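Two complexes, one shared chain (chain A), two partners (chain B, chain C).
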Partner chain A sequence: MKRSYTPYLLLLPFFVIMALILVSIWNVLLQSLGYIPAFGLTTLTLDYYKAVFQQEEFLSALEVSLRIALQSALLATMLGVLLCYALVKRGHSKGELLYLVRLPILMPHAVVAVFVISLFSQTGLFARIAYMLGFIIDFNQFPALLYTENYGAAIAAYLWKEIPFVAYFVLALMSSISSTLGEAAENLGASPWRSFFQITLPLSLPAALKAFLIIFIFAFGGYELPFLLGTTVPKALPVQAYMAYTSPELRDRPYAMAMNGVILFLSLAMALLYALLTRKLLKQTGGRE
Partner chain B sequence: MMKKWLALLLAGIMSLSGCSASKQSIDPQNASWDEIVEAAKGSTVTFYGWGGDENRNNWLNTTVAEQVKDKYDITLEVVGMDINDILAKLSGEKQANATKGSIDMIWINGENFYSAKENGLLYGPFTDKLPNMENYIDLDDPETLNDFCMPIDGYEAPYAKAQMVLFNDSAVTPETPANAAEFMEFCKKYEGKVTYPALPDFTGSAFVRNIIYDLCGWEQFQTMEADYDTVKTAIEPALDYLRQLNPYLWNQGKSFPESSTKVDAMFADGEVVMNMSYSPFSVATGIDQGIYTDTTRTFVFDNGTIGNTNYMAIAYDAPNKAGAMVVINEIISADIQLTQYAQLKELPVVATDKLSADEKAAFGAVDLGQGVLSQAELLAHRLPEMPASLVPIIEEIWLNEVVGK
Partner chain C sequence: MMKQQTFLKLILLITGVSILLPIAVLLLWSVTGRWPWPNLLPESYTLRTLQELFFGSAKLPDLLLSSITLAAIVAFLATVVGILTARATEFYDFKGKSFVRIGSFLPLLVPGTVFAMGIQITLIRLGLSDTLVGVVIVHLIAAVPYCITIMTDVTRAVGQRMEEQAMVLGAGPFTAFFQVTLPALLPGILSSMSMGFILSYSQYFSTLLIGGGRVKTLALVLVPYIQSGDRALSAVYSVVFVGSALLIFFLFEALIHHLERGEETR
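Then we have the complex of A and B:
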């Protein structure tokens, strides 16, 4: 009898954290509906959401964030799967090389941003080397790779971190498929590429899709990289929301919370998709993934 | 019978809790200064404010902290936090109906003071309780009465005076632009090597207001209504100017560095050839520390640059209001203001005519260092700040109308 409590007891810290998160989400939603008694706002209304969706800055911020998320998730997934395949083929699905792959995953985003700035800015390491070698005579001539409107530097920084993540995430599944079904196909005469595209890749796709969703949510809600490496306008949505949040006009708080609400809803939708995908996969594979 | 016991018990609990409450804290509003000092003895005061200036942190943690420890047995705990985050934290506490928060003193001014006071995040009025207000501060100075045109009403005490200055390296750039038109020529000559921090950065925002003053005059803004279209119409010439300036700026004005700290680093690196600061003697400090070259020098526009005072306030739910008042009183003393002037090179807030002959001599003897303008030179070129409520509007207009346009 006593034993049956143990799992719940062990889960207690999780429930505590979950409760805190739920309370903050509840607060965000409440405030986004204009309920902040401390500032004399007490009527529930959807006006803030409506107003936010008419703001040009918000719409372009939403577009920027969706673009960053989509581009980095797509590229990271494709290149990550390729990296994973290379690792499997070269027999590196275990061992030292994997530590190297894991390194970028462990690196905090802000640190990656500092790397990017010190390497690629117009006074960064590469610009200095180009100057030393006489390719440019002034720092200005080095191409401006950072702070551009296409958020290329932020996307590149995400890729540096997420390609290894995808490879690592897909590795277990792909190596088991490749070593069984993939090799079987090759023994039956399929070329290595055909075996990859027709057997290994389709069967690994579910894991790759899940990795895609994780990266998408993360990059969509990410603050540091677009803030440190992005341009002044348009801002990424989390940066825009934070700026609204810290506006000295406290009665504008509901606008910031409405932006957070949008981030929240989109992230929840993605999480739901993830859950559906997992359930579907469980059915397909009969429980073994 | 039962009821009687219960009532007695309740009365007992109530009197107990009442007792302990009165022991722990006094109401500074009705207490004498001696009682406030007595209540503050042995307590800890937290001081929240921007922590980006290492010299200031150092000065607070040593000079100020030691003095309040020695004189009043108060432990000063300095917490570096951006004012936006401080206000967010305070308003969070307010929403939770907290009566006892975690912040005692706040370094604040301008639009943040305006908003914090409007929303009841500050404690006060309290400055009439501080003996040193009377002893050292000019109580009729407009900057003692108003902060960015907002009446202070005793909710904050002056901390230091600041003034916008521009600076560059005479070995790299012989020119010192004396107005907006010359500044444009300067940017054309050093194409791609001038920029300013993206608004709402404090320094960037002040610089843009300075350009507005230079092109549109400053008087009309003192009484202007805080309305987007009104402000936009008034500053249209400046917006035009800033848009024309963009192509000659760093990154063609498509983007601006996200903070003044970033521009400082870019200037030290030579990526930009001009910099600006709201700390009028920052060049001397920079030369002293070897960050700036010896040939770096400060200049201001002929029509003047914006000056303001920054202040210390107390949080509405400060756990140690008495202690905060004692520390604030100490910081506005001639003693501490002198160390602030000498060590941090910040303009003091004390009124010269309230100082003793010795104190005057001590202030006069401070060596400000290289590359700076004298106090008299600065004060002769000092323009008042705008109403705080206009500042966020200008920041919004800048984002909409200037960046990348």
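Then we have the complex of A and C:
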């Protein structure tokens, strides 16, 4: 009855999008292997990958980006799931409070950087409050979170945006579980926390894991926040890669692309890990998604 | 141990304060004249920066117009891709369907920075680098996965029954789609468009790289002010940036709300 080519026609724009992504990945890989005919580079080699892994700058950038991504994604997922539970249990899965929680999701990263600067800098609001309360007598005593190696300000900025993102992302699944199975457990005598940890949390895990993956990859490949809130040495990996990419020395291009290649490989590896974990999880909980 | 309800209430309270506090401080900074250490509140207030922005040489109206036009184009196109893709995967069986399902997740797995640096050479060859079309393309990649997800959910909920009935009654497939299914999809279409809009509106890196300075957006103008440490100006630009984004977002929300109400009373 349905003509077989109709879905392919409908998918044409989607295929164009896919093609663009695949072409981009192809370009990154090819250039990272040293193949850029326009610059007179035509031999395929792994030397650029080997070379970047010898660079102190690259290694510390990799470490910085992994740390930002892991810390912000882990904390955001845990706190976001907790926030989600609070929303569900306090009857706020709809309504005004939810609009408030969605606000940070809508905020551009650059604006969040402004927030963090006005609160966490050594002359920011928190330092002023600490002074007023007598914890510090000079602004230099306030812990430096901006423009430092610990990238604390960038992590704080990601958390501000991503905790609500996780809560919103998990909300639909968790509210349906909590109102059925979670409440059933409580009616059968389980304490509210036991019902949370043994029923609602494990069954909400697929959505939480997916949110973790999305924000991990986003923070790992993110540019604005570490660029605006971080220090110059060490840089975050995408910032380092972009610097090499825009270098006037054209022969630096393969190094930039090797760094992008590393970002790409680690992101895809994380996605693979996610796929394996989800499969295992689905087996354990009987295939609910 | 604290009772669970009290604990959860406390979490919501902390969340609310953490979300509103930076916004309040931002609004304060945007009208601050002098705010010396260690005062908790500004010493003097001024409207100078706001005046400069709206009536000075900043050309804010142009900037707003170009940002909004760009984001609107992206929102529209990403939603069209979402509608068509959702229709294909929800209503048809075909070879490679699982590939499409996985593929729609792919843009989230390739960081935007890597994608932009990888695609630039191709866009240069196509003559699309430093053009609005090029920027639309890279913004689309960021928006499409979310629009597909939203449209797939709504398409599934609406189903195909009504459209088939219209066709049984003699409507052609296009009439049936545009007159029956599209109105039913409208709330979903609006939320997909508002998502696409916000995603494009907040892009920075891809606009910088692919737009090459030719395509001007609020994000592009704001970032240098943050870099230079000008708190008053970065606050003012942020207020305009966020204010316009929220205005448009809540306009969409109000429309969706209105449509859904109408649905109930019909």
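To be clear about the criterion, the second predicted complex is superposed on the first by the 243 of 289 C-alpha atoms of A that agree within 3 Å, B and C clash if a C-alpha of one lies under 4 Å from a C-alpha of the other, contacts with A are read in each partner's own complex, and residues count from 1 in each chain.
Note that contacts are C-beta pairs under 8 Å (C-beta built on N, C-alpha and C of every residue); 3 or more make two chains touch, one makes a residue touch a chain.
Values in this document were obtained by computation on a predicted structure and should not be read as measured data.
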item: Contacts of A:110 with chain B and chain C, given as first, second, both or neither; value: second
item: Which superposed partner A:128 touches (first chain B, second chain C, both, neither); value: second
item: Touched partner set for A:139, first chain B, second chain C, both or neither; value: both
item: Which superposed partner A:57 touches (first chain B, second chain C, both, neither); value: first
item: First (chain B), second (chain C), both or neither touched by A:74; value: neither
item: Contacts of A:245 with chain B and chain C, given as first, second, both or neither; value: both
item: Partner chain in contact with A:118 - chain B first, chain C second, else both or neither; value: second
item: Chain B versus chain C as contact partner of A:257, first or second or both or neither; value: second
item: Touching partner for A:184 - first (chain B), second (chain C), both, neither; value: neither
item: Chain A residues touched - chain C or chain B, whichever exceeds; value: C
item: Contact residues of chain A, present in both the chain B and the chain C interface; value: 38, 123, 139, 228, 245
item: Touching residues on chain A, where the partner in the complex is chain C; value: 2, 4, 6-8, 10-14, 17-18, 20-21, 23-28, 31, 38, 82-83, 85-87, 89-90, 92, 97, 99-101, 103-104, 106-111, 113-119, 123, 125, 127-129, 131-132, 139, 160, 163-164, 192-193, 196, 213-214, 217-218, 220-224, 228, 238, 241-242, 245, 256-257, 260, 263-264, 267-268, 271
item: Residue ranges of chain A touching chain B (in the complex, touch as defined); value: 36-39, 56-57, 121-123, 139-140, 144, 147-149, 227-228, 230-233, 243, 245-251, 253
item: Chain B to chain A touching residues, read off their complex; value: 82, 84-85, 87-88, 91, 94-95, 97, 111-112, 114-115, 118-119, 191-193, 198, 200, 251, 254-256, 258, 266, 269-271, 388, 391-392, 399-400, 403-404
item: Interface residues, chain C side, partner chain A - complex; value: 4-5, 8-9, 11-12, 15-16, 18-23, 25-26, 29, 37-40, 80-81, 84-85, 87-89, 92, 94, 100, 103-104, 106-115, 117-119, 121-122, 137, 140-141, 144, 148, 198, 201-202, 204-205, 209, 219, 222-223, 226-227, 231, 234-235, 238, 241-242, 245-246, 249, 253
